[in-house]
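Sharing a structure here in structure tokens format.
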Amino acid sequence: MREPKADPVLVDICAVTKRYAHHVGTARGGRSSILAVADLSLSVRQGRTLGIVGESGSGKSTLGRLISRLETPDSGSIIFDGRDVSTIRGRELREFRRQVQTVFQDPYSSLDPTKTVGHAIAEPLHVHREARSSSQRRARAIELAERVGLPRAIIDRFPTQLSGGQRQRVAIARALALGPRLVVADEPTSALDLSTRSEILNLLVELQDTEDMTLVLISHDFASIRHVAHDVAVMHHGRLVEVGSAAHITETPTHPYTQALLSAVLPPHPRVAREKLTMRAAGPSPTEAP
Amino acid sequence: MLFMSKVLGEERGAQTDAPDAVKPATAKPGLRTVRHAAHIGRGVVGAAGTVLAVSVVTFGLMQLASGDAADAIAGESASAADVERVRDQLGLDRSVFVQFGDWAAGALQGDLGTSWTTGRPVTALLLEAAPATFSITALALILAGVVGVALGSLAGMRRDTLTDRAISVVSSLSIATPNYWVGLVLVSVFALSWSIFPATGYAPLSSGLGTWLSFLALPAIALGLDTMAETTRQTRGGVVDVMRQPYVVAARARGASGGNLFRRHVARNAAIPVVTVFGLQAARLLGGVVVIETVFAIPGLGMLAVEAVLRRDLPVIQGYVVLCAVLIVLINLCVDACYRWIDPKTRAS
Amino acid sequence: MREQTSSATAGARTLLRSLLSTPTSGLAVAYLTALIVVAATAPWISPHDPLAQNLGNAFAGLSLDHPLGTDEFGRDVLSRLAHACQIAVVGPLIAVAVAVGLGVPAGLWSGYSRGWFARFLARGAEVLLSLPPIIAAIAVIAVLGPGLLKAMVAIGIVFAPRLFRVVRGATLAVANETYIASAHSIGASRSRILWGHCLPNVMAPLLVQVTLMLGFALLAESSLSFLGLGVQLPEASWGSMLRSASQHQFQAPYAVVAPGVALTLTILAFNTVGDGIRDALASRGGER
């Protein structure tokens, strides 16, 4: 692994907060809001893989959506490549979208069922007017499909004819089409069979290296992340509890919540009795009065 | 009238049976009346909003039409000055908002303006035409309700028998057949060939119940036929559903007889979807009756409206459309009330 | 986009095949095809000129020369019936085209963008839908005036909120799908998302509605023509034929039969095809 200090910062998240309106499911129809991300600051270094780990409801997906500007922060700012992108619109946002791509969790719903695979892969090129003729797009789609390990014949198929792993490869090929600087992958393997999970994860990490891009990998599964990410950020109840290099955090976790996450994944040491740690660590409940 | 039965039925069905059906029935008795009142209050406000919106839209439409209306009234040989005078008389030169305000203020007091072609108050014209229309519609509803519920219950209780199949074929056919054409055929057969009923026209109730009914029988059958078929289907569906419920199966196992079973267990539960559909059909019949009136030459609201369109008598059209909106909104409120009365689950919320 | 068109034609072919494989909808498709053929060839296959009067031969009974007899002006009923097929085909198409043109873009937009104006549109559509279609059509014809084209435009306007509602409802569901978020995330424009992703995915319910609506539009056309607000005499539509038949019912009580049967069968055929498409699409959705 590379030296942590060497790489410049690509994304700088400064004191970002995001709340969601939340309708409590009672007959009275009460109202409150959920604090998904609370005053969070974090840097993503260029050319590295950052793993964001947390249990469901920890706000890690919201953080991912904020980084890729699918959500706008309520307060705070997100600096991408030296520019504040938290409120950009129009042409600037378009340019930002060219550079930052997202791989979604569920490949069964992230591909339009009415479009062929080739169309899905080449759509970013079409949108950003990079390949104007349909034969150009087709050639690029074949090239990208092969790069993610799919047979070229697949580009004329429809997503419904594909397995989950194949679909996620299509989604990755689509994310690669524009040669992005940053790819945010939100739980890219959790909807897949156990057998294909590591394939997809390895593909992402390998592409991060060969395509010279930055990867943000969001997962609830510490075990898989710590092997592939350079850095790890641990989230709990919308807050960051620990950040550092993957090796460092795995070996010497300081926060009890991180320890709890790790104790849930690490095999018990043969000589040391496994310490049972509860998942109820620090931090207020995410549901607060508005 | 078959008009949009499928599209309309589905949409509006969803709209009416949705409210509050899932909420738990755990309200305290004291709160219940309050909530009841609040629910009715909301309904009335919504209804008033709908009528207002329909009035605004119709008024807007009539504004679009009123330009050449002045030309039409002034006559083909009229000079520009004549047209201007007509516009002045009709108040068309004032601002749209003033005109609508005047109209709405009058409407609230029951004054819907003056017919351009007859010079008579629109309210009077509508009131004269309304009894005929209401008579046909009410009779069609009663007929459709009684026969439809009876046939539907029969089919549902004897599911998959010959009776059931025959009833379902007849109701499918009745739904597909345009009911104004049914009216024309009925006239040919029962009035012209066999002379059982008068072919056309209308006699008010004051001329005797028998005479009144003899004029209304054919129009009501023609108008109510597909409503009857729709009610039959709904009733059958409701009865079939209820018959599958464990408590009915248990009652049958205890040896409850057909009639007793139907009265005690099936009727009320099967009534819920029927009431909903029935209410929607009542609103729909107001559309269907327009054409039926022309078939039987009955001087009702529909004929009034059609003639008004042909003569560009805009105040009459405006009054007619708004009256229809009021009626439909009232019907919907009644359906809602019936619904809550029948289904105790919705009463509590 | 070549991929899209090829998928659309392939879809249409599968749909047609599954329609033809069920006896009832196959029959309905065959009937409608025949109707279109008759409409297209009416001027050549009709035994007489549909407008040629022969007052000496009014209300003639069935004969070899006039298989369905003649009307009050001695015009050949069969020829008029055949020519009326043209209106039965073209009229509903005009109305549905108007409804699609107004309702689909508005429905897509209102289902995708959730601002106050989108909700206002939806509420407005509810209000318009509270009136029975024929009453609403009468109000619109009061503005446009009577006549076939105007009546069909009026029907299209009246039907537009219904399509709007169907499209909006389906779009609301589609807009929550991840592939819409995905299109958004690559920087696709709103119009690309609406027309390129939402529309193809709401096509199934839209297609069913449009087919059913053709039947309702035909019924509406005939009703308005019967009232004298649609097709103007002497031109023949089934509705206007019923109108003149009803005006001369004392002389020829059974002149109402033929146009009415044609009308009923055609409406039934549209409804059957609509139901067939719904079933076919539902079973195909189940495979996925």
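Should a chain be cited, it is by its letter among A, B and C, assigned in written order, with residues numbered from 1 in that chain.
Assume a contact is a pair of C-beta atoms (placed from the backbone, for glycine too) under 8 Å apart; a residue touches a chain by one contact, two chains touch by 3 or more.
A quick map from chain label to UniProt name: A = ABC transporter ATP-binding protein; C = ABC transporter permease.
Being a predicted model, the structure only gives us computed values, none of them experimental.
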Fill in the blank from the handout: The chain whose mean C-alpha position lies nearest the overall protein Cα centroid is chain C
Practice task
State the chain with the largest centre-to-centre distance from chain B, centres being mean CA positions.
Solution key: A
Handout entry: Whole-Å separation of chain centres (CA-atom averages), chain A against chain C (ABC transporter permease)
Key = 48
Exercise for the section: Find the geometric centre of each of chain B and chain C (ABC transporter permease) from their Cα atoms only, then give the gap between the two centres in Å, rounded to an integer. Expected result: 24
Handout entry: Whole-Å gap between the CA centroids of chain A and chain B
Key = 56
Handout entry: Per-residue multi-chain contacts in chain C (ABC transporter permease), two or more chains
Key = none
Fill in the blank from the handout: Counting only contacts in the complex, chain C (ABC transporter permease) reaches chain A at residues 1-4, 7, 177-179, 181-189, 192, 197, 200-201, 203, 288
Handout entry: chain C (ABC transporter permease) contact footprint on chain B (complex, rising order)
Key = 1-4, 6-8, 11-12, 15, 49-50, 53-54, 57-58, 61-62, 64-65, 176-178, 180-181, 184-185, 187-188, 192-193, 199, 283-284, 286-288, 290-291, 294-295, 305-306, 308-310, 312, 314, 317, 320-321, 324-325, 328-329, 332
Practice task
Provide the residue numbers of chain A that touch chain C (ABC transporter permease) in the complex, in ascending order.
Solution key: 68, 70, 93-94, 97-98, 101-102, 104-106, 109-116, 118-119, 123-124, 127-128, 134, 156, 158, 160, 171, 174, 178
Practice task
Report the residues of chain C (ABC transporter permease) in contact with chain B in the complex, numbered from low to high.
Solution key: 124, 126-136, 138-143, 146, 162, 165, 209, 212-213, 216, 219-220, 222-223, 226-229, 242, 245-246, 249-250, 253-254, 256-257, 260, 263-264, 267-268, 271, 274
